[in-house]
Amino acid sequence: DDKKESDNSGVTTYTVGTEGAYPPFNLVNEKGEPDGYDIAVMKAIDDLNPDVEFKYEATGWDGIFTALESGKIDVIASQCGKNEEREQKYLFPDIPYTETQAAIVFKKDRTDISSDVNSIAGKTIVSATSGAQTNWLENYNKEHPDKAANIMYADGDMSKMLQEVINGRADAHIASIKVTADYVLKEQGLDSELECLPFETGDETTTYMLLRQDESGEKLKKIIDDSLKTLIENGTLKELSEKYLDGDYAPQL
Amino acid sequence: MVEVRGLCKAFGDNQVLKNLDFQIEKGEVVTLIGPSGGGKTTLLRSLNWLNVPDAGRVTIDGVTIEAGKENKQQIRALREKTSMVFQHYNLWKNKTALENITEGLIRVQKMPKVQAVEKAEHLLERVGLIEKRDEYPVRLSGGQQQRVGIARALAAEPQVMLFDEPTSALDPEWIGGVLDVMKEIAADGMTMIVVSHEMRFVKNVASRILFLEGGQIVEDNTPEKLFNNPENERTRAFLEMAEL
Amino acid sequence: MVEVRGLCKAFGDNQVLKNLDFQIEKGEVVTLIGPSGGGKTTLLRSLNWLNVPDAGRVTIDGVTIEAGKENKQQIRALREKTSMVFQHYNLWKNKTALENITEGLIRVQKMPKVQAVEKAEHLLERVGLIEKRDEYPVRLSGGQQQRVGIARALAAEPQVMLFDEPTSALDPEWIGGVLDVMKEIAADGMTMIVVSHEMRFVKNVASRILFLEGGQIVEDNTPEKLFNNPENERTRAFLEMAEL
Amino acid sequence: MGKIFSVEFLIQSIPQIAVYLPITLLITIASCVAGLIVGFFIALARYFEVRVLKTVAKVYISFIRGTPTMVQLVLVYYGIPILLRVMNEAWGTSFDINGIHPVVFAIITLGLNAAAYMSEIIRSALMSVDEGQVEACYSLNMTKWQALISVVIPQAFVVALPSLGNNFISLLKETSLVFNIAVVDIMAQARIVGARSYRYFEVYIAVSLIYWVCCMLLERLLAKIETYVRRKERRS
Amino acid sequence: MGKIFSVEFLIQSIPQIAVYLPITLLITIASCVAGLIVGFFIALARYFEVRVLKTVAKVYISFIRGTPTMVQLVLVYYGIPILLRVMNEAWGTSFDINGIHPVVFAIITLGLNAAAYMSEIIRSALMSVDEGQVEACYSLNMTKWQALISVVIPQAFVVALPSLGNNFISLLKETSLVFNIAVVDIMAQARIVGARSYRYFEVYIAVSLIYWVCCMLLERLLAKIETYVRRKERRS
């Protein structure tokens, strides 16, 4: 993709898109710049590769995939999970960049819900359409029709989903990362009312960068795979994870 | 039947009615004449409170209403006593000729529909428009619209009829026809106040003539006296023009 | 000046104009009389193509236009020759009395604004409305509106003037005033076609009278002959009503 | 290798999405009717310049139009339970709002929202009716209401219809906001279907096609009504 | 301990959000003007029943109103580059559209969108003007355009204004869709600020307040204009 080459230096510029509304993974900081774990990982990759340069852009979720296809952005760093259907259309690196530990949030007085996956059978679980945990939940329902949960789809933000649980319209919320959920509960003073337990999904929610299926995507895939390998090996990813996510969610090789 | 006391109405600086006083007995046919812009329409519209006067009192058939102290009930009671033929007809655009007549009968007088239609058809017949029964006003000629307007007002059979130039758009034959209708209802004892410069009407139907100019009644007389021996110089000049 | 050949117009089943033929010379003042709904307005509106006739040909001052074959240029050329006073005045509601007159002068005739205002003021003076110069039509009385309509049409100074009952809303004095204006412009050689049942006009100004009934011209005569010795029985009856 | 744009996926997704059309239509139609009724009365308060109500109406219109529908929806849906909870704690009552289906909240909120917009359209249409028409009613001693019903509304209707049509059609699509309160309509379903494979482009086109068909049917209907009501005022 | 609802956070967030008000206003005003102009000509095509154009106008209105604005925005902004890429690959050309600022796309799309809605309002307002008014123009040999400009438009304006006001105000909030093409307006900024601490309720209320103030100012202005233009047709 010759357009990406800058004339003399040989440095290729790529635009990284992110939703910017999913802290601590991605957000837009006070300076108006995309920030968070997803961005930090991309910056680390940028540092490893002197011949590439990343620009960052926050875009609404409804437009972000089309932006990728159209070439306005070249990679999405926004906690995308992998599945077969998605692989048909997009290119995923081989190496993920987060393996989060999910959490289940429910009202303190509920004794019928626990860390056990079996406890969600027949319960109403509120979950965001864009979230990796929703993807897991849909697959789980498909594979365990006898123990399926009702998915209550919601639009994005966690505070709304927690309200659904508090108001009793949903039995529980599965958050993709426990630390975030803990943070929100404390911050908004909901920890006296809601319980937040680690949720053993067995197959943990694993997220990847997302690329376009074309020449530039292939090139970038290689760069990302190589770099992530290095970052995992030299412990940088773990450091970033601990810094942004308050725990080690870096994947193992 | 109609009593007006101290009626005043101004539009901005333009004092159109200046402290009018007059009285009309039951069965009188009063013609209001006067120069264009003299306030005839304004006076007529004040009698059924379409124009709210600035001051003064109107009494029609026992219902008294005073400017500044009127209430809804009074206004409705007053309007119950009157109906009006507008200078610009004001036919309802969304209703056929027939519906223009039946609407008031059905809604206000709660007449059964069949009966209202019958009455409306009878009136349309009288004004020569029975074949335009189902036509909407935009598709009627000027004179036809005016005749529907007359029929609509007649249908209400009020105590007092207010006519604002009811024959202005008519040809001589229909003027004659309408005058005949008016004579008939006058003979039935209906009180009428008619703005008209149609001299045949003034001479043959009117029992009394008010000459309105500059917001005041400058002459109030019977037709005979007015035509033969007007009290007022101004009236004489005006009538001479009419006589040509 | 005006030539009409085979003019036909129907509204649905209602054949309003039936194959009309007539011719009017320059300077003639033709009065159109006839019963209400007889097609007078329709005929007048056909002459400037506001009503598109079903068939026939109209020639005004050399501009010929044929129903079904008209084009924009022809229609505009035709309208350049005429102006019209509407039965319902059709004053522009968003313009003051003065602007109603100047608008056409400025836009169509490209007259400089100062000159247009001067002309309009002069005309308003003549119809006695100079003090209503800046009033909007809703706030004018019926007769005042009609006079502005006349002034607006006069301002255009066309070859042919079309008047549709121009004195219907006027009192005897103003009828006289307007007739004087019309006489003056007639004396200047203006061609006029006037729908009117005002007998003073018919007798004193008209040089020729067309009696329109049932979509046809049943009589075409000079006033003297028509009044003293009408050719047609129908006309006689009609005029008798007017004479009373 | 997959395709950038999958036509099959688009076609397959249409029936999946269309399943939720009844919800979209239910909310649209119900809130439209609610909006028309409430909007009509708000318009009347301003048309007749009813003393206090006229000011209330103005504030209402300003508030509703001035704040995003999404926020109103979220406030009503999440706010009312919070309010109830606080009330229950304070006064020991035990109201429970969870029995009410979120669709009801959606209809109420969208209806009240549409009312503000529609009221302005209706008001201007009412005001466009010639005063002389109303005076003719009064001269025959009709009440305000009678004049309104037999003359003003029928004449205003013609003027208001195309603009109201705008609102109906807007509402059809605005319904998609209900996903904020966890109601799945066709747009939400499109997002859900799209999220599975990240094929958002295809599902958006699919959902647009569904909207367009609905819109065209609605436009047909509106055009028919308009021709019908206009016939009375047509010269020929 | 934190709070469910933080008033300080709300207050703090207002200035952070308001920074983006110029973008919101720019897009609103520019697309409003574009919408009015284009909408006016579409309305004319239908008003004058211009042969082919009238059908084109109908299809345009139907298409634009029939599909969600968000989809149009995304299609225009991202779809055009995709199309170009396919074209470039097929024909070896090298068009590049990336130089154009997304705000321009936003204005064009929202403007063309608003045009469809506004054209219906304008059409019905034009049609509400009495035929006699136009005939008086023609009788004095004015052209269609002269009649339009001196009589029809001024009279239609009064009728259209309140409904157009609806559209202006809608547009103010519809602007928030531009975040889908990576433009940050006040709503996007509210989401961003809210996301940092998951305090969405607070920022939604904050952004609503900003919208409301804008809306009230706009309503004031519209009311002034309305009173001014109506004075001509007031009896008293």
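Letters A, B, C, D and E mark the chains in the order given here, with residues in each chain numbered from 1 onward.
We take it that a contact is a pair of C-beta atoms (placed from the backbone, for glycine too) under 8 Å apart; a residue touches a chain by one contact, two chains touch by 3 or more.
Chains and their UniProt names: B, C = Amino acid ABC transporter ATP-binding protein; D, E = ABC transporter, permease protein.
Predicted model, so just to flag it, every value in this text is computed and none were measured.
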Longest centre-to-centre distance from chain E, chain (CA-based): B
Pair joined by the larger number of C-beta contacts - A-E, C-E: A-E
Distance-maximising chain from chain D - centres being C-alpha averages: C
Interchain centroid distance [CA atoms averaged], chain C/chain E, Å: 47
Distance between the centres, which are taken as Cα means, of chain E and chain D, whole angstrom: 18
Centroid distance [mean C-alpha coordinates] between chain D and chain A, Å: 36
Separation of mean Cα positions, chain D and chain C [Å, integer]: 51
Shared interface positions of chain A, touching two or more other chains: 62, 66, 69, 160
Residue list for chain D, restricted to those that touch at least two other chains: 4, 74, 78, 82, 201, 204, 235-236
Multi-partner residues of chain B (each touching 2 or more other chains): 11, 88, 139
Residues on chain B engaged by chain D in the complex (per definition of touch): 45, 48, 50, 76, 79-80, 82-84, 86, 88, 90-95, 103-104, 107-108, 136, 138-139, 152-153, 156, 162
Partner chain C, residues of chain E touching it in the complex: 132-133, 135-143, 146, 150-151, 154-155, 232-236
Interface residues, chain C side, partner chain B - complex: 11, 33-38, 41, 87-88, 139-144, 147, 164-165, 168-176, 197, 200, 237-239, 241-242, 244
Chain E contact footprint on chain A (complex, rising order): 3, 17, 20-23, 27-30, 32, 57-60, 62-63, 66-67, 69-72, 157-160, 184, 186-190
For the chain D and chain E complex, residues of the former touching the latter: 4, 61-63, 65-71, 74-75, 78, 82, 117, 120-121, 123-125, 127-128, 131, 158-163, 165-167, 169-170, 173, 176, 187, 201, 204-205, 207-208, 211-216, 219, 230, 235
